[in-house]
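Below, subunit A partners subunit B and then partners subunit C, in two separate complexes.
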Partner chain A sequence: MARVNPEFAGAVKESKAFNASACMNCGVCSAVCHMGIELLPRKLFRYVLLGIEEKVLANVETIYSCLLCKMCEVNCPASVHIAENVRFLRHYINKKVYQL
Partner chain B sequence: MPLPTGDTIGILADNLTLRQSVLPIPAKSATRWAAGLELPRGSKTVLYTGLMYQMIPYIAAMNKAQEDIEDSFLVNFIGLGRRINKLINVSSIMARPSKTMQQAYNQILVNIARLLQQAGVQFGYLYEEELYSGALIYDLGMDHVLKEHAQRVYATFKKYGVKKIITVDPHTTNMLRSVYPTLINGYDLTVQSYMEVLVERNIRPRSDLNTAVVMHDSCVYARYENVLNEQRTLLARAGVTVKEPANAGKFTMCCGGPAESLFPKKARDQAQKRVEQIKKVALNAVTMCPICYVNLQKAAGGAVQLEDISSYLVRAYC
Partner chain C sequence: MSDRRIGVYICHCGGNISDYVDVEKVRRAVQDEPGVVVAKTAMFTCSDATQQEMVQDIEEQQLDGLVVASCSPKLHLFTFREVAKRAGLNPYQYTQVNVREQCSWTHTDDYAGATAKAIRLVRGGIARTRLTEPLQPIKIDTVPRVLVVGAGIAGMRAAVGLADLGLAVLLIEREPVVGGRVAAWGAMYPHGKNGRQLIARLNEEIKQRENITLFTCAELVEKSGSIGNFNIKIRVGGNSGQGQEIITARVGSIIVATGFDNYQPVAGEYGYGIDGVLTLAEYKELLDSTEGKLFRHGREIKDVVYVYCVGSRQQSGENPNRYCSRYCCNAAVHASIEAVDKNPGLHQYHLFRDMRTYGKYELLYNQAREKGAVFLRFDHQEPPVVEKMADGKLMVKVRDLLTYSEQIDIAADVVVLVTGMVPRDNGSLVDVLKLPLGQDKFFNEIHPKLRPVETVVDGVFICGACQGPKNSSESVASALSAVTQSASILKKGFVELEPLIAQVDPEVCRWCGECTSACPYGAIEQVQYQGRAVARVNEAVCKGCGGCAPLCPAGAIDLKGYTDEQMKSMIDAFLKEIV
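This part shows the complex of A and B:
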């Protein structure tokens, strides 16, 4: 049973950087990822947009494994700023989890 | 067990705050490449290395240590290492660079300076006042730390009345051209990669290299900064036939370097995939990013002859 964290959803909404709502969940990003990161970005962005913080935090290694190479981004038909969104999540985790 | 993400990022961020670089290197080591070139200190136009090429031999030594630590009991001590690092620069103890590697990377900077001189560009250098751009800290999402650092970098440019910056690598180009304007109000500097400057200046070759080479594009140049044609134009003029691997140009494959600070093994696996693509085309290739260069070279293990693009260019144009 996934729990929604309104505080997390609020933090995401406040960010001008996070534009995942344009994602159509088509899966091109996962198909072209050379690192074979299946989670990024489509599933992850769903978790974020729904405010399911626990699912996001359960995937910290994946979030930091992304190369930010933008291969997914140049192939994204919805022009989602995937690399910037991943960076936003890192920023959030750095503060929330690692207290950096 | 992988390296602890929070403590590793913490060490890198602490280094940037306390020592102005993610991996602090001695000023002498950073500026040695310029000895004998008699570049003026500062100028309206400066060649900005961002310390990237100079840092690679230290990064290589550090990654060797990290690979040994990854999956060993020593990962449990990285938290302690972070606390000690706030008082003593731990990386200076862990990272002992090879002299040969330092000379090779310094030579790349000399090549770039000579190419610019050959193209008639007047430029200065900031010597020991030149700072790291903060690229890795930005990638890791430490925006609050980066913002403060970016102000320091910008203040140095202002101190010397710099108007135009010529960069030597994709990461510094991206930071100074695309990221800093989002962090600094009134940012007013023009930033170009040296390859863009050479094409703009219409530099002409003095000899024909009459050879062929595989091009490995940097993701950051290709997809962040749209630097795609310059490298091909310069090589073609020099009589070099550019061969393209699978995933070329805008769709280039990442060398894996960005994962190296946290996941050395993942970085190496990624580099290996790219080397396999290159090998299918030919056994000699060019890179234009110090991170791509070191990662692919390590993964190739001598099976592919890799060179920085400046080595080809200097042979043709100088």
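This part shows the complex of A and C:
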């Protein structure tokens, strides 16, 4: 069970850096990822959009294992800025969790 | 022997027929049948060259009957009727025999059998043709006036369209005011116009046209007659019976535009009944009547959850609505954009089964997402659950297929049930017009693509949302199509109907009434003949379906073009080798 938290979603939206609303859940990104990161863009970005912060924070490791190689991004039919979004999440976590 | 002069043409249809049927053998087998003076085969009987040859044969050989053995009459009945007409032969003295669908296509594994069957069918066709009489189409003068039932956007637009084509219009509306559903709406998509203003403008247009007569609080109570010339009775005014008035009129066609009803959820359906759970129509009312921010019970609305497909696309239940209402996805997305424009920062969650924002509505869908709406997809087997929480807010629990069926809980101030369209309760109108309803209880057109506004009752058309869910522009488009259809009948001044209909011999009929109850079109009425009651077929109403003829115990009914005598002679011809 996960509860939607509009505050978190709001904080993400405020930044304007995060863009994933165009994602249509096709799964191309997961298919082409050579790191085999199944969670990334698709599922994780939905957690962000829905504002389910605890799920995002539970997957910090995955977020840091992405190579930012953009293999997924160039193949995404909806032009989601996947690498940019991952960078944003790292920035958010650095501040929020590690207080960097 | 027969003194008829019949021409028989057997078609190869390329190889479509001749690959599986020995057409030459068929020709040889029938060329000496009584009455046959010409028997030919042709590569394509429908080609211009062969048609020309037929015309020439008919003229030179003085043919008084024509048989074409080819494809199904559905395809070329009218083609060969025209050939006959061009050659001065009565088109009802021609018979089409189907040796393609019925022989070559069905018996690809049996050349000899298919050929033998073709011979018999052609012989049957010749036998029928021997007994044909020249028939004339039934001509009926038309009244240049149209009754439009329902003054919503479709009916109003139809009235204006008809008036501009020079036809008089009787526009009747059950309610005291015109405009129907659209009159209650604010901003609409995609034209950005306001529903109330749209209707006000149409109303002005109607007032400016002298040949439109509008009756509100009016219902159609009786209809008789047929295409081109209906007699109608309209009850106007007073529901209680006081101040009521019956108006009679004659019209040439009838356009039904009675619209739809909003689906009304039952108590408890997705929490309906709990304070804060609204239907889309109720929510739209709130939006359209609010200037500035949206509030409920003095509290600003901050979180909204939409549940799609409520009352549509149900697979089970007592009276499931299996159809998609087609407009509600667009309407909900549009409403959500209006809502966030009023309350910036509003959190909106759309729980859908499939998004059906087709065509340019896709842009609207994008816009909603750009403005922050989040879309979650649920499985209809596991629908969302709506509950009331202790703090007064609503809680919606849903399994989101897009997040791998994770259960997600969303707190909301308002839950909008995106309800679809259901057919209006038109009970008495259905009885009066004898219009067939589809499985979904909306009025049924003859063919959704080929004849989209015509009904099986000639001269009665349907348009707008009474024939199925439609948005306003689709309703108007179908209204205009009904206008065109009506005008094409009424502007000519007369209609021509098929003469292949039933006929009662009053000498033989002894009025038992069997035929009347058998006729699905109500075409048989009782009349007096030499002091006795007998049955009579109303030529304009009879469809020639043949339902009545075999039931008559006195053998008084014949179907023109398919008389008992003709049928018997065909059977004899089929069975020639056996008998």
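Here, the second predicted complex is superposed on the first by the 100 of 100 C-alpha atoms of A that agree within 3 Å, B and C clash if a C-alpha of one lies under 4 Å from a C-alpha of the other, contacts with A are read in each partner's own complex, and residues count from 1 in each chain.
Convention: a contact is a pair of C-beta atoms (placed from the backbone, for glycine too) under 8 Å apart; a residue touches a chain by one contact, two chains touch by 3 or more.
Keep in mind it's a predicted model, so treat the numbers as computed, not measured.
Undergrad: Based on the superposition on subunit A, does the combination of subunit B and subunit C result in a clash or a fit?
TA: In the arrangement built by aligning on subunit A, the partners subunit C and subunit B fit side by side.
Undergrad: In the overlaid three-chain picture, which partner chain does A:Arg87 touch, first (subunit B) or second (subunit C), both, or neither?
TA: first
Undergrad: Have a look at where A:Val74 lands relative to subunit B and subunit C in the superposition and call it first, second, both or neither.
TA: In the superposition, A:Val74 touches subunit B alone.
Undergrad: A:Arg46 contacts which: subunit B (first), subunit C (second), both, neither?
TA: second
Undergrad: Touch test for A:Ala31: subunit B only (first), subunit C only (second), both, or neither?
TA: neither
Undergrad: Report, please, how wide the angle is at the C-alpha centre of subunit A between subunit B and subunit C, in steps of 10 degrees.
TA: An angle of 130 degrees, rounded.
Undergrad: Among the partners subunit B and subunit C, which is in contact with a greater number of residues of subunit A?
TA: Touched residues of subunit A are more numerous for B.
Undergrad: Report for A:Val60: first if it touches subunit B alone, second if subunit C alone, otherwise both or neither.
TA: First partner only.
Undergrad: Mind working out whether A:Gly10 is in touch with subunit B, subunit C, both or neither, as first, second, both or neither?
TA: In the superposition, A:Gly10 touches subunit C alone.
Undergrad: State whether A:Tyr98 touches subunit B only (first), subunit C only (second), both chains, or neither.
TA: A:Tyr98: touches subunit B, not subunit C.
Undergrad: Upon superposition of the two complexes, what minimum C-alpha distance (Å) separates subunit B from subunit C?
TA: Superposition on chain A places subunit B and subunit C at a least C-alpha distance of 23 Å.
Undergrad: Would you pull the subunit B residues touching subunit A in the complex into a rising list?
TA: The touching residues are 2, 5-6, 9-10, 13, 138-143, 219, 223-224, 247, 250-251, 253-254, 256-259, 262-263, 266, 270, 273.
Undergrad: Would you tell me which residues of subunit A are touching subunit C in their complex?
TA: Residues 1-4, 6, 9-10, 13, 21-22, 25, 43, 46-47, 49-50, 52.
Undergrad: Show which residues of subunit C lie in contact with subunit A when the two form their complex.
TA: Within the complex, subunit C contacts subunit A at residues 302-303, 345, 347, 349, 366, 369-370, 372, 374, 376, 400, 402-404, 406-411.
Undergrad: Within the complex, which stretch of subunit A touches subunit B?
TA: It comes out as residues 34-35, 60-61, 64-65, 67-71, 73-74, 87-94, 97-100.
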